[in-house]
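Take a look at the structures listed below.
Look at the two complexes coming up: chain A is in both, with chain B in one and chain C in the other.
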Partner chain A sequence: MSAEPHIEQPQTTSAAHNLLASVGEPILMIARTVREIFEMFSLTLYYVVRGRKRWPAIFEQMYDVGNRSILFIAVTLGFLGMILIFQAGNQALQITGDLQVLGGLFLQLLLREFAPTIAAMMIATRVATGMAAQIGSMVVTEQVDALQMCAAQPVDYLVVPRFIACTIMMVILTIFAVLVAYVCGAFTAYMAFNLNPRTFIDLGFITWFDPIIGLVKAFAYGMAIPIIACHAGLNVFGGSEGVGRATTQAVVNASLAVVILDFIISGLGYVVLGLL
Partner chain B sequence: MIVVDNISKSHLGRPVLENVSIEIPEGTNLGLIGPGGAGKTLLLKIICGLVKPDSGKVTIGGIDVHKLGATQLADLRFRIGMLFQNYALFDFMNVADNIAFPLRQEGTLGELEIAERVKKALHDISLSTIGNRFPNELSGGMKKRVSFARAVIRQPPILFYDDPTAGLDPVISSKIFILLRTMQQERGTTAVTISHDIGGIKEICDFFAMIDRGQIIFHGNRDAIERCEIPLVMQFWRGFSDDDLDG
Partner chain C sequence: MQSIAAKLIRPLHGVGQSFNYWAFQIGGLCILMARIMVNMLPWRWQFDGPETWRNLYRVGVKSFPIVAVTALLTGAIMVIQSGLYIEQYGAYGLLGWGAGYTILREIGPIMIGLMFSGRVGANNTAELGTMKVTDQIDALRALAIDPIGYLVMPRFLAMIIMMFLLVVVGNFTALVGGAITSQLLLGVNMKLFAWSVITYVFLDDLFHGLIKAVAFGFAIAIISCHFGLNTQGGAVGVGRAVNASVVGSAIAIFVLDYIITFASM
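Entry: the complex of A and B
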């Protein structure tokens, strides 16, 4: 019987291994999550095209995403519009003393950036949590298993109505957000700086690019938020604690997705505009 | 015929099922017994394709369940009914819609016919008046019966019952077992029944298997289980234990 040769491993190898593992594990986890989200997105698109449209469920979700978010969006964007105009107006007065371009530039900023992105952040907070919690609860109470045993596809039955509803309502809510923020901004400009609304409402800076990029962003956020929320919900494990984890994961991932998409679409937009 | 061939499954590195093999001949009912946490429900979910095993395969009528695509699996599930341990009723639908759901998914019957079938199903489970109620308005026994009605409404040739009488009083339990037996006799269904109600499954099952710690420790017919001398099987079958509760 021969004895196994005992080779002493240097301690640094083990430490290096641990360090690599601690860096590599979260990277692999993120890569897996991103891959799963893209798989769910493609499956959702497939069912949007090929699946049975459940209009009552879609309208119910549209009501939940849209109507129930109107006050939330109105208050947030309204106050944001007032604060931005007040701050920008004060700075403009200190630098140039001219407020003529305030309304025009504010509208451009709203269309391109603030209205779609802030509205999406609000929707990610309010709607993504609800979707993840609702679907997550269905997972832990075996309702998703029951759906599958009844020959229904969870993505077709649960994700598609939310996806369609959120995409449509995100575009509508963005247009609403622009209007609310602009009207509140005009009101603040009049009250704080005595700027005539006719001067404030200035479309001179707006090109076709501004509303289009805003709508493209709204469309992209509207697709990303429900996919990320439903992915978190459908991957719940471990009972009510798992539902809580999924809810947090949904809002964090959806907010991150909004910021990343904002960066990508803005960048692509400027590249395309530069080429034209 | 359902064939479970050498199934193993681990969860978070811990083996939950190890090399499980069982055959369930067509038209028979297999009673699956075992202590809580032994892996019975997981095995049932693997058999019907809800959970993928780490190794081994499950065939239903010669079809490898885990090699099917989503559409083919959905087609196979039109032939399977499942009663879940925790009811799994859709909480956003009323009772009638819950029961009608599998029929609507199938899409072969009109709404009038579906309504008739639901009405009959509710009558069969002695709950004719609760069609408009939502699951959160029902007692545990009512939910179980509604879940049963949903599982069998399509009259599938294969049925899986996960603890059909858990938490029910003896009268309702007896009614449920009578319904299961009737289903078996009238339609010749192939079934797997998980239950801790040994008296009940003695009445309805042709074969029995016992799982302990993820392994099949007994598989045989009624005569074999009566004569089995494995202590745990004897304890379960006869309903007593020589050990202390903490032992």
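Entry: the complex of A and C
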């Protein structure tokens, strides 16, 4: 703003150039990040197939991802189930006055959409920040450099156990999330609308398609979240400020990946269901 | 004998430790809220205009692209999910109602709130935490500058205002995304979708979502500032603080959502 006139001059002449640069730079950055994430993904898959499995490390990560998220998932998904049944029940009472199908349709929607996606958003916040912070502080304190000095590939040593653990645990946590949300929904339906839980628990609407698409989503999220978090963690530079930046980047990228994957898999599921 | 007693006491030790942790965090949140309220009083009012303006830009404009992408895809997903039922019954006129009602009331504020807590809340905690571990906050106190007035108030105001505005924009973007998806994937005309939204979705639904947006912005601001200002232990501590901040924000979003939904019925 307080620039000298002789500095102002070249800026005004290259306004179009600046505009193009300001548009192109984020695009190039996004393209670079996506390419790095896919490179890391293929490298991880290679080590998953060819590398040595470190079962103690995998179990430790499974405990960290799964057991320590149980309470968090239970609280958030329980409240989600109560909210959805409350809104849907009120709307159904106003329009049809009939709550017979509430439980069946709720279970179908939970399996298809809400349980995998919201649980993955929760894991993306809790686990992705944790992984990025842990690996980021390893990078900052030069422990990753030390690993490379010992001829241990960081992707093999750090990313692969997290990848396997998170993929397994994401599927299990999704099943847990469906159960918690459904039980809380049944409780709300009983308390708010006096709907008998025997009427609420209705498996009549479920086809083979619903659990399969839910598990496919959970599997895809479980693979995407650790890769993105470890990518953010391994690219840290510059002390505690860098660790903070990496955790923010990890949670944003992981949540965006969940939403994008959800869109892709839902769209594909819709097309596949239309073909059948 | 000694070891048996120690083994019996160990679980109690853990219970007490987590009780202390939760008591510290909840008490800290309440104290921070009270200090912000005291700062809001007319005779204590400190308003740092340029700093607030800078934070509004950082919080709102910088997270606009992420919110827009999330909202666009969320609208598309909601249309796909309700489209499966709409096709079953052939009631294409209800598609806009199904998607619009869920987006405006629930999914729009929740998804935008989660993205906001990830983008802005985490960033804020990291920034304040870095300041704390590098002793910058103590330096401010040594210069007789109140960290609440100088650091927390601008962020608090910026987050509430910008969360509200981002949910307004995000709801609109989600409906646009839904309309595009209904045209391209389901073959339902965009005009029919828009007519259905305008006819069946009421202003109440929009306001219900906007009240939630303000509440989420308030919660994210308080929680992220609290965890940032209580960071301990270097770079590792900053990471841990960010983790605690986003987890607390997510829990607060769902609990507040339930309370507002329950209270408004």
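In this text, the second predicted complex is superposed on the first by the 263 of 276 C-alpha atoms of A that agree within 3 Å, B and C clash if a C-alpha of one lies under 4 Å from a C-alpha of the other, contacts with A are read in each partner's own complex, and residues count from 1 in each chain.
By definition in this document, a contact is a pair of C-beta atoms (placed from the backbone, for glycine too) under 8 Å apart; a residue touches a chain by one contact, two chains touch by 3 or more.
The shown structure was predicted, so the numbers you read here are calculated from the model rather than taken from an experiment.
Once the two complexes are laid over each other on the shared chain, residue contacts for A:Thr141 go to chain B and to chain C alike. More residues of chain A are in touch with C than with the other of chain B and chain C. Once the two complexes are overlaid on the shared chain, A:Asn67 sits clear of chain B and of chain C alike. Contact with chain B, but none with chain C, is seen for A:Ala152 once the two complexes are overlaid on the shared chain.
In the superposition on chain A, contact is made by A:Tyr270 with chain C only, not with chain B. Contacts of A:Asn196 after superposition on the shared chain: neither chain B nor chain C is touched.
The contact surfaces that chain B and chain C form on chain A in the two complexes overlap at residues 141. Contact residues on chain C toward chain A in their complex (touch as defined above): 66, 69-70, 73-74, 76-77, 80-81, 83-85, 101, 105-106, 111, 114-115, 117-119, 122-123, 125-127, 129-130, 133-134, 185, 234-240, 242-243, 246-247, 249-251, 254-255, 257-258, 261-262, 265. Those residues of chain A lying in contact with chain C across their complex are 72, 75-76, 79-80, 82-84, 86-87, 90-91, 105, 109, 112-113, 121-122, 124-126, 129-130, 132-134, 136-137, 140-141, 239-245, 247-248, 251-252, 255-256, 259-260, 262-263, 266-267, 270-271, 273. Of all the residues in chain A, the ones that touch chain B in their complex are 138, 141-143, 145-153.
Contact residues of chain B toward chain A in the complex are 45, 48, 50, 70, 74-75, 77-78, 80-82, 84-86, 88-91, 101-102, 105-106, 150.
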